[in-house]
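Take a look at the following structure, please.
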Amino acid sequence: MSENYDKRRKVFDMIGRTYAFICAFLLIVITVSIFYFVATKGLSTFIIDKRSIKEFLFGTLWKPDRPNDQGGPAIGSLQFILGSVFVSVFAILISTPLSISAAIFMVEIAKKFGRNLLQPAMEIFVGIPSVVYGWIGLTVLVPFISKYFGGLGFSMLAGILVLTIMVLPTITSVSTDAIKSLPWEIREASYALGATRWQTIRKVVLPAAKPGILTAVVLGLARAFGEALAVQMVIGNSPSLPFSFLQPMSTITSIITMDMANTVTGSTWNNALWSLALLLLLISFGFILIIRLVGRRSMYK
Amino acid sequence: MKSKFYDKLATIYFYLVAVLIVLFLVALIGYILYQGRSELNLHFILTPPKFMEKGGGIAPQIFNSLLLLVITLIISVPIGIGAGLYMAEYARPGKITELIRLSTETLSSLPSIVVGLFGLLIFVNMLHWGYSLISGALALTVLNLPVMARVSEDSIRSVSASLKEASFALGSTKWQTIVRVLIPSALPGLITGIILTSGRIFGEAAALLYTAGMSTPPLNFNVLNPANPASPFYPFRAAETLAVYIWKVNSEGLAPDARQIADGSAAVLLIIVLLFNILARWLGNTLYKKMTGGK
Amino acid sequence: MSKSKIAKVLLSVLMVLSVFLFSACGPNTNDSGSSNQSNSNQNSSQDISGTATAVGSTALQPLVEQAATLFHQKYPNATINVQGGGSGTGLTQVSQGAADIGNSDIFAEEKSGIDAKSLVDHKVAVVGFAVVVNKDVTVDSLTQQQLVDIFTGKIKNWKDVGGQDEPIVVINRPTSSGTRATFKKIVLGGQDEVQGLALTEDASGTVRKTVAEKKGAISYLAFSYVDDSVKALKYNGVAPTKENVINGTYPIASYEHMYTKGEPTGVVKAFLDFMMSDEVQKGPAEKLGFININDMKVTLK
């Protein structure tokens, strides 16, 4: 081979390596820019408008358009924060047992049925767009709740049920991976001791898969927390504290979705919405940190 | 024996949950398709929405969704594969690698509404691109990039080490090995991954409300030059997608048949997403068989 | 450590670079809007050409879209790019110069954070709003005071305003919506309705559906959304009709505005003139339920 050819190969090698590095580095750039720009906007509520963080996080009076002679804008957002927390946590509470059961079913009980039916079903659940979930929630679930439970139907309950379905595949697939990755020998050891399959699942498999399942639950929580449109369509968007399952309420994402376009950039109102966006960003970053603490590499798809 | 009884009970329970989930999905899909059945015809898919009248279609919305998907893939696939390649082949344990991994994980769990707001801030407002194809495509790229990077990394890693070593033994450089051996071998995984993420991009709405906008100009296919503002491919025109349209028809639909339009759009959206899913499975299987059968 | 320093520098350079690179190839909306300043003679259709962008109010968007289509048919060299996004976005973008026309449901002076002095108002249409109730409500007319009491939560039962014994279900509009701003200004006299009592929906379609389905429900809708499924009430004894808005006896109505930064020129001016012409006012505007601005015999608040 000529020396020229060798040189060209080396140059290509260099270019390839640099290209790959730039691509990977771009991920950092994007993440940092998102944090930087959202934080700049989100913090101006506190820095430029001089509102207190305490009022924002713990106040419940949301009157961002109140004129100055009546006390100026009030940006208490506790009801949105609690709203997001309640819908997501309740959705997770319903979804997690179902998801873990489905995961155990796929790995431990009926592999073939699981792989041929349940696994594709989960992938389809993930694939259904969130507006479609919202639309079904609005046209089926809301009238149903109104008819059988009373109220308007637009309620926390509707939000919880829609989210339950939406996080089901996330928790299931990550839990499945966690259970699958356990060494097969631990089950055999348990069976050899005369344990039944249920005993093995309960005493051996579940405890061993605990970190993975925890990761799954946190990822599900993160997805529920950040979901915007499907929830906004069914919860009624009333800025009140979420203390009843059948009353309309708001979440962080729903108030952002509703008001962002109608407010003027730079106004206290608009800035307060950006503060909520920043809060959302920080919370979802917090979830990632928790997952890293739990100690497994995320399998999120 | 008591434990045997519990074991039976547990098995029945697990079957029950599994069957219930599958039945629920079947019912859900069946319901959506049933509700949209009257609109599932070529007329609905091929005509633009009508103004204040019954019988409008969703042609421009479908076109916009597809166009946005294509642009997003054109931007995000090369970068995603590059990033995956770096993580699979070049990255050494260290601060930067750790940071890249943390970024990927953070990005992939970002609420899509936050990505949409970021797009609004940078592309729409700061760069004055307005609600446009390009703003929407870049927001979708931010959503898709971490997924693409993860998929690429996984498929490249899954290529067997012996294949790689054989290439090195023949005197290939790293880059040659990557281009000639690694990427072709990782192709089935890559393609399946791309198609699966395509389904997600296609149905995304929250990130697009504030970036690609909620309107679409009349599309004139006589002008194909992307630099001409009248062209459907002009990157700075607003591009409402099918998913966003469902959202808008629900809130501001003035057509008398708004309900049917939303039902029909939901059915069409679902069918397209299902097609992506089936295509990914089929292609993945076929390619996998071809590769393993050929060896 | 030098490595992290290099990374930091690289990061910031990349970030700045990408922003500048991208902005360099952006569209020049500012120039295109005024590119035809020299064309003072606008009688012949060949003379009007260029591109302009109109952004904002989603309520006005269908009208502007239709007008833009007609405009383009009339002057093939002129393209008006119409985008939604909400009144706040429209006002923000026009005052920043990002758009040529900002569409708004309310006066720029009423939106906090906007320097209204730099903007020129063009009123292009009038929207009437009707108070709507579920069809089972026997009341036909409400006074302003009764409406104030209902929306501020003082009156909670239809029997207190002469109807049947049934609880009143109030459906609010979000604080940021133009519809709500008009209602608050004209009917509630600037008072806040009791937040958190009820459903809050931005979506006119959803409001209409909920009022139609929920017994005892009350809300308000633009005339164009009122149909047979709900009952429109008289206000102080005056029926919500176009004629009554035009002659000033029915006061719940507002202008639709198209703002420009400074006096409009070129294609922007031509388009705004076109908006006022019979072609638009008696065409799409009437079809969409807007009231012909040229017919108005009174000035609205």
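As written, the chain order gives the labels A, B and C, with residue 1 at the start of each chain.
Basically, a contact is a pair of C-beta atoms (placed from the backbone, for glycine too) under 8 Å apart; a residue touches a chain by one contact, two chains touch by 3 or more.
The structure displayed is predicted, hence computed values, not measured ones.
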| item | value |
| --- | --- |
| Any chain that touches subunit B and subunit A | C |
| Identity of the chain that, by mean CA position, is farthest from subunit A | C |
| Inter-centroid spacing, subunit B versus subunit A (mean Cα positions, whole Å) | 18 |
| Distance between chain centroids, defined by C-alpha means - subunit A, subunit C (Å) | 33 |
| Residues of subunit B whose C-beta touches two or more other chains | 96, 122, 125, 210, 250 |
| Where subunit A touches two or more other chains at once, by residue number | 25-26, 28, 32-33, 138, 260-261, 265 |
| Residue numbers of subunit C (touch at least two other chains) | 58, 84-85, 92, 96, 202, 206 |
| Sites on subunit B touched by subunit C in the complex | 51-52, 95-96, 122-123, 125-131, 210, 213-215, 217-218, 229-230, 236-238, 249-254, 258 |
| Interface residues, subunit C side, partner subunit A - complex | 10-11, 14-15, 18, 58, 84-89, 91-92, 96, 111-114, 169, 172, 174-178, 192, 195-202, 206, 210, 213-214 |
| Contact footprint of subunit B on subunit A as seen in their complex | 9-10, 12-13, 15-17, 19-28, 30-34, 37-38, 41, 98, 101-102, 104-106, 109-110, 113-114, 117-118, 120-121, 123-132, 134-136, 138-140, 165, 168, 195-199, 201, 219, 222-223, 225-229, 233, 253, 256-257, 260-261, 265, 274, 277, 280-281, 284-285, 287-288, 291-292, 298, 300-301 |
| Footprint of subunit A on subunit B - complex, ascending | 3-4, 6-7, 9-11, 13-15, 17-18, 21-22, 24-25, 28-29, 31-32, 35, 78-83, 85-87, 89-91, 96, 99-100, 102-115, 117-118, 120-122, 125, 142, 145-147, 149-151, 173-176, 178-179, 196, 199-200, 202-206, 209-210, 243-244, 246-247, 250, 259, 262-263, 266, 269-270, 273-274, 276-277, 281 |
| Parts of subunit A lying in touch with subunit C, wherever the complex brings them together | 25-26, 28-29, 32-33, 36, 62-66, 73, 79, 138, 143, 146, 152, 154, 236-241, 248, 250, 258-270 |
